[in-house]
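When the chains are written out, they are named A, B, C, D, E, F, G and H in that same order, and each has its own residue count from 1.
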Amino acid sequence: MTLQDDKILEIINKFKNQELPEEAALAQIKSLQYTDLGFAKLDNNRAERQGFPEVIYCAGKTPEQCAEIMYALSLNNANVLATRADKNVYEAIKAKVQDVRYHEEARVVVLERKPLPKDEERVITIVTAGTSDIPVAAEAAVTAEIMGNKVNCVYDVGVAGIHRLFAQLEVIRAANVLIVVAGMEGALASVVGGLVNKPVVAVPTSVGYGANFGGLSALLGMLNSCSAGVAVVNIDNGFGAGRLASIINHMR
Amino acid sequence: MTLQDDKILEIINKFKNQELPEEAALAQIKSLQYTDLGFAKLDNNRAERQGFPEVIYCAGKTPEQCAEIMYALSLNNANVLATRADKNVYEAIKAKVQDVRYHEEARVVVLERKPLPKDEERVITIVTAGTSDIPVAAEAAVTAEIMGNKVNCVYDVGVAGIHRLFAQLEVIRAANVLIVVAGMEGALASVVGGLVNKPVVAVPTSVGYGANFGGLSALLGMLNSCSAGVAVVNIDNGFGAGRLASIINHMR
Amino acid sequence: MTLQDDKILEIINKFKNQELPEEAALAQIKSLQYTDLGFAKLDNNRAERQGFPEVIYCAGKTPEQCAEIMYALSLNNANVLATRADKNVYEAIKAKVQDVRYHEEARVVVLERKPLPKDEERVITIVTAGTSDIPVAAEAAVTAEIMGNKVNCVYDVGVAGIHRLFAQLEVIRAANVLIVVAGMEGALASVVGGLVNKPVVAVPTSVGYGANFGGLSALLGMLNSCSAGVAVVNIDNGFGAGRLASIINHMR
Amino acid sequence: MTLQDDKILEIINKFKNQELPEEAALAQIKSLQYTDLGFAKLDNNRAERQGFPEVIYCAGKTPEQCAEIMYALSLNNANVLATRADKNVYEAIKAKVQDVRYHEEARVVVLERKPLPKDEERVITIVTAGTSDIPVAAEAAVTAEIMGNKVNCVYDVGVAGIHRLFAQLEVIRAANVLIVVAGMEGALASVVGGLVNKPVVAVPTSVGYGANFGGLSALLGMLNSCSAGVAVVNIDNGFGAGRLASIINHMR
Amino acid sequence: MTLQDDKILEIINKFKNQELPEEAALAQIKSLQYTDLGFAKLDNNRAERQGFPEVIYCAGKTPEQCAEIMYALSLNNANVLATRADKNVYEAIKAKVQDVRYHEEARVVVLERKPLPKDEERVITIVTAGTSDIPVAAEAAVTAEIMGNKVNCVYDVGVAGIHRLFAQLEVIRAANVLIVVAGMEGALASVVGGLVNKPVVAVPTSVGYGANFGGLSALLGMLNSCSAGVAVVNIDNGFGAGRLASIINHMR
Amino acid sequence: MTLQDDKILEIINKFKNQELPEEAALAQIKSLQYTDLGFAKLDNNRAERQGFPEVIYCAGKTPEQCAEIMYALSLNNANVLATRADKNVYEAIKAKVQDVRYHEEARVVVLERKPLPKDEERVITIVTAGTSDIPVAAEAAVTAEIMGNKVNCVYDVGVAGIHRLFAQLEVIRAANVLIVVAGMEGALASVVGGLVNKPVVAVPTSVGYGANFGGLSALLGMLNSCSAGVAVVNIDNGFGAGRLASIINHMR
Amino acid sequence: MTLQDDKILEIINKFKNQELPEEAALAQIKSLQYTDLGFAKLDNNRAERQGFPEVIYCAGKTPEQCAEIMYALSLNNANVLATRADKNVYEAIKAKVQDVRYHEEARVVVLERKPLPKDEERVITIVTAGTSDIPVAAEAAVTAEIMGNKVNCVYDVGVAGIHRLFAQLEVIRAANVLIVVAGMEGALASVVGGLVNKPVVAVPTSVGYGANFGGLSALLGMLNSCSAGVAVVNIDNGFGAGRLASIINHMR
Amino acid sequence: MTLQDDKILEIINKFKNQELPEEAALAQIKSLQYTDLGFAKLDNNRAERQGFPEVIYCAGKTPEQCAEIMYALSLNNANVLATRADKNVYEAIKAKVQDVRYHEEARVVVLERKPLPKDEERVITIVTAGTSDIPVAAEAAVTAEIMGNKVNCVYDVGVAGIHRLFAQLEVIRAANVLIVVAGMEGALASVVGGLVNKPVVAVPTSVGYGANFGGLSALLGMLNSCSAGVAVVNIDNGFGAGRLASIINHMR
């Protein structure tokens, strides 16, 4: 159902023309779909279906599992991303796939053998409320870049000193898509959302203390934004924001 | 312990000088403190202790109880406030104490026989994010006014159209104390807090829908404000904000 | 700062050329920004700034306030939207602005004097999990339509009978932007998100009972979606979804 | 009351026939029930009452306590299970009961002296959404196996790439009972529940980040499943799912 | 994919044998799946796929929508169930499908033209903690009965007077599947779970006051049950419990 | 097991002495325990086991069910209590058992044919923070009185005017057991707990607004009391507090 | 106000008789009340007021602070308790007050120079649901013992194997006061509460996993207990339970 | 808009007089506002706007980032504060700005080259409920002192031994502004609030255990205070309380 239509049509027409027995047709169709590593099933047609291959979410996997998945994906894909990767994971991957690089702040491992072309006119601008939000912003930035987007970062323009934000207004309004990364009360998303006519992807962070309850305050703040045009991803989910911004940024 | 010092000293010195027997001294001291209506104990020295007589919180009381309390307080106090009063409560009070007036929007009954003098130079400015926050702001305004403050209201300057706020900047900066009333994400408190060097009393409201969870989103947003100088009162608690702002505004 | 650049440049250049005194320049700049009704400040340049005039959120406002705001906005704007409007609100508006129409299911009042042109090729597809989610979907549909979008609705394709969804796969994949409206566990957002390479705006609804806690289950489900490319708006916030989808759908 | 009926009848009839004095009858009846280790009371007739001896939940117990309990249970039971056992616990047990084995991934210690017979026709199939859910699935698998069930595992078929799930449809439909293990939004339980006519035991996991709140998102998602035929056990509770699935799988 | 295999095989073989053109094959396959009423898509092969036709969840639907769905389902199915139906819904249905009957306490409308055979030996026993839990139990009972099960009810045996429960022990142990319905702390599920070796489906109810938080206390209590063999459905979800119990009860 | 020991010993000795056949013995033992009304099982030996007959919790029961239960209990008990009874319930009961009386404020129906003797020296003192807490206090008072306790009430001594509390110190310290009833922040429990050396039963109430979240603030406040000697019952649970205080007050 | 009446009367009469100047009277009264260590104010008349000296809660204090407080208290009190004390705290205390002893499982340091007499007839019985609850029970036990109570412990009688509980029924019913310590669903409190006519102090523990949410499940379970006569203290608060049980147990 | 008015007027008048080209005017205006370090934008006119330079919140920043920010701020400001600074942060700062000092208990780094003058008559009094609350109080004290306030601390006067509080009544009533720092149930804020007619800034702390849920109990307690005149800052936010108290204390 979700397979590449051409390949399937080819197979079932072979079957119809009796060039292929029933069982073989079934097996071929299945093999198009994913590689089974036992502990993981790699979604082989995700690049075709969604424009970028499956991304490896490393948390909760052993370094060995991460490395094996990266290796298997690298066989069919020029560019692969692994998120939430600590140093150990990076080293395990590096041992199997030498040409990866590591973004320590973003905790992301990147394989980028054929960089995708970027449209210099359509920029994704990532705005953070504070310095402490930068790691999440970096995850978003690396994600958007490898998916073929020009990215621009504006850090530490939270609403406590709102002139810092207004001084960047030209930059912010020049963006094609915006990602706003903020902890504490997350008010920056509402303020930015009110200033632009472009989509705003809001990322609440777990930055703050006391009654931020692990990012809940920023999450609720952003969901209840009085500015329309703002949508929210999970707490600290820089990857999700970068991915969605990339999809939107490629729209024509 | 919490009695007016002079009266007590007078009593205990009479006791020391044997002008007053032990039991009588005890009784007199106690009678200074409160009037006992059975279902309520009216705090008679609150005006002296805190600058304004006990305020009647009508929710959960019968109209008759509210009226009896108002009547009893009116015997010793020129100015009395009753909050969370619906029409029935107002009418029950009115029947016993004719010279009260009713603020319907604020749901407040006011007895104001000797208006307190107001300092025209020191204004409390109440700012709301939206039109729907006005009833809570009105409760704060009525409270602050009867307690002897000049009050100024700026409605509907939420951050979705932030130029409306900046157009009021002069007014906002002229305030001596600010009350910010906002629902949804409550971001207005942070933005205002970053623009002034005066205390900001933030009142989260239950305005909004969905994941505002009865005002929780605004409450958490305000508690986690990245602007220092902001403190928060209970959800929809216009009275508490007006009371605190009045205390601060009278400081010299 | 957030004003239309041209008009401001004109004003300040007049000031520079001494065709306009200082005070007049200030006043003119301010008047560009909003109309002050006392209880509301209408954001006059929102259409210019964000592509559509300020939308009236009727909850918590009196019918009279809603009607006055609609009337004031109608003076400067051909198309205006009022959401969360019950019958009383509609009738109050209708009395002042005769050519509005009412979408009862969506609880929306629409003034549409000059329909915006629609791109027939770029469709926003709204998908609901169940029949009970239709009112929220309708709010999103009316919103997106008046903002100049072709909208397509696919109702009742929740995952309990997933073949209903797959039978619509062609329709779903033909969408330029998707809005997924679902209550209960909200799983439909993840499933749709995994099938398309277009942005998915997820709207959790308060449909369900027991431990859905007013839409919290669907909200958390959608925020934690394992499919990238999904972002979330507030519970039951059809308007927000329609507005964001419209912004994205107009991107070129 | 909950004792084995035969033994009790024997005892009380001896008492009736005066073959046994009153006190002895009482003591014998009590001794049938449990072994008292002081810090623990081992439920000696659970195997008879519920088909499998008491399982040792090691969390919060010292390694020595775990070992003593395992030893005491091993005297009366051929097969015993200890869950939530880390390496230290395993080693302490191993020192007292040599023939145990350790499932590191599942954190389970197993004593299996007389494997129970398994019905090859009635398979319990355990399905996980991701690789990170495997440890919880493993706990369920070990539990169900030692209780005499054939178990089949299908890993990493989450809904983000739903064709992976459909490719396993034959396997899934061949199951007699299903256990679905998923974190994040837990949508897999609803999708599987809609595809089969067998009972689905859903296990939410704490896998995920941000607003998953330790598994709450998956838990609520599964409880609110729009598919009937799904019931839920505690977060990360692989053992509970395996135990329940085994009970159901043995029904005739 | 989820269609009845035989019919599909017949169609695709016709297609292969050129008895059917490509488009017709596609249309026939789709028509097998569901009836589209616009506001609802009726899952036509659910009876085949899951043993009972789609159940109508009436909450959030208009009485007219409920009636239309019932009528459409009645064309293809002898037995249909509609839950959460108030009097208005019942009357609207009755006007279109005369031979339905109404269970007022359970708020269920039943169409039962061909009662399913019941196995007298395998009883589903429904146990409630209190009298106030009976409506939820009744929903479970009606559901299980129409699905072809013998049902036995034991009401008001909560743990505060645990001898009432033990007096029913024989009845309880005679059950093939148990449904435990309890509010407040939900302890009955744990106690029953410890006494039987049959599956226990636990239904938390919203009965209670204060800190039961709408059924949360019973829900958490049942999820954390120290007795294995217990699984939980949504708060007040008698239907879900009855459905699952029926599935289990038909296992051989 | 939970039966009156004497009656059981009599029965089983008759059985032993062959004055009673096995089945009759079983039946007699069971009949001692409860009366089965179908929808309710009345716990006949609760008075013997716990000192007072089963109390009828009317919420969630029909007026008819309440009346039938009261009637059945009145056959074996002189004094019976029904809580959470609205006017309709009272009237239904009154129609069946004429000599009941109704405490409207406490929403309690009382049958008191043989008042229990009270110890005048050992008083239960009920203290409320405000006037709005009185209905909960009244439920506690009626409960304790019918169970044979002298009760003393001190209303409206919350900590905002703490001298009102200290003026009652003698009364408070004269209590044998204290019940503290408070909403909002519930601080009164801690203050009273620090002043006495008697047990304090704390009842949080749902009085308050905004972030009291239905009594959660008072509940958490009381559970976290820095004063030892305080224990907490459910929100608004005056009955539970009265019952526990009575048990403690009868200790010798 | 809370001072020992005799000493105060003595002082103020000296003052009256001019044997003491005003300032000295004030100073003497104050010195009766507490010792000021700067970082702590030791409540010197708590033993007199509440029957046992102030207890040291060590969490959040440095070992040095704990030691200084213990030393200062030991000057005026024969018996002192310090809870939540880890090894470091114990050693710091031991260095200053040699004759303390350490209960490692309970994490309690005890100074007991003059053991209080115990009433052998009135036993406090502490019941735990599982082995993992023992540390909390031990804290309760040590607390109650040093306060002059005979304590009896019954461990691991949770409701999953309820016959273990019934086998202890005689012991449980012999108690004068009961403390029930349980995690997970906390059902043991309800079951025990239904079996006795003595007060039950329930202590929820954080034992369990998944959706126990740090003890919330047991806490809510116990607060919502369907058995009257149960009151609840804070999660894991063995000390509070022991203290309250001791107060009750000394009632005559 | 938020710039120092004089400097801006100077610049724009130069521009008007053609002493400055357009671009230069823009650049000069912007440079007044903040220093851009890339990862941080230092708010250069905050001292002018709010009376004290930007405070460094060190949590979530690397030690190097903290040091660079301190260095940059020290160029333009005599006094700078860095909060939530652990030892590593302090040492990194010390290496770049030698004349800082470290308050270990408060975890604050202070640069104080020109101490601000203090008004000896207007004291900020900080009151804690317990010894464990002292670190939060210390953060508030250091903050208020460097901002030019006389600070007085009263530790360990929680309501469990309320005479300790009353013994300090004179000190407390002498305060111009009060900060109340309390964990557990936070009752101290209500009691103090009822005794004074000065503003009370309440700081809930995370001190406590069990159902304090990281400070939630104290937070809710303080927000629901029955005493007016109390406002609340975030949990453990000593800095915010000190800052707000300083603003209020400087009012004339």
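List of remarks:
To be clear about the criterion, a residue touches a chain if its C-beta (ideal position, glycine included) is under 8 Å from a C-beta of that chain, and two chains touch if they have at least 3 such contacts.
Predicted model only: the values in this text are computed from it and were never measured.
Ranked by how far their CA centres sit from the centre of chain A, the chains are topped by F.
Using CA-based centroids throughout, the chain positioned farthest away from chain H is E. The centroid of the Cα atoms in chain D and the matching centroid in chain F are 40 Å apart.
With centres defined as mean CA coordinates, chain F is found 54 Å away from chain C. With centres taken as mean Cα positions, chain G sits 26 Å from chain F.
Multi-chain contact residues of chain F (touching two or more other chains) are listed as 1-2, 130, 160-162, 166, 194-195, 210-213, 216, 219, 223-224, 228, 234-235. Those residues of chain D that touch chain A in the shared complex are 130-134, 155-157, 160-164, 166-167, 207, 209-213.
On the side of chain C, the complex with chain D involves touching residues 129-130, 158-162, 184-187, 190-191, 193-195, 208, 210-213, 216-218, 220-228. Across the complex, chain B meets chain F through its residues 1-3, 30, 33-34, 38-41, 43, 45-46, 54, 57, 59-61, 65, 69, 84, 204, 206, 214-216, 219, 234-237. By the touch rule above, chain B contacts chain H in their complex via residues 1-2, 49-51, 55, 166, 169, 176, 194-199, 201, 219, 223-224, 228-235, 239-240, 243-244, 247-248, 251-252.
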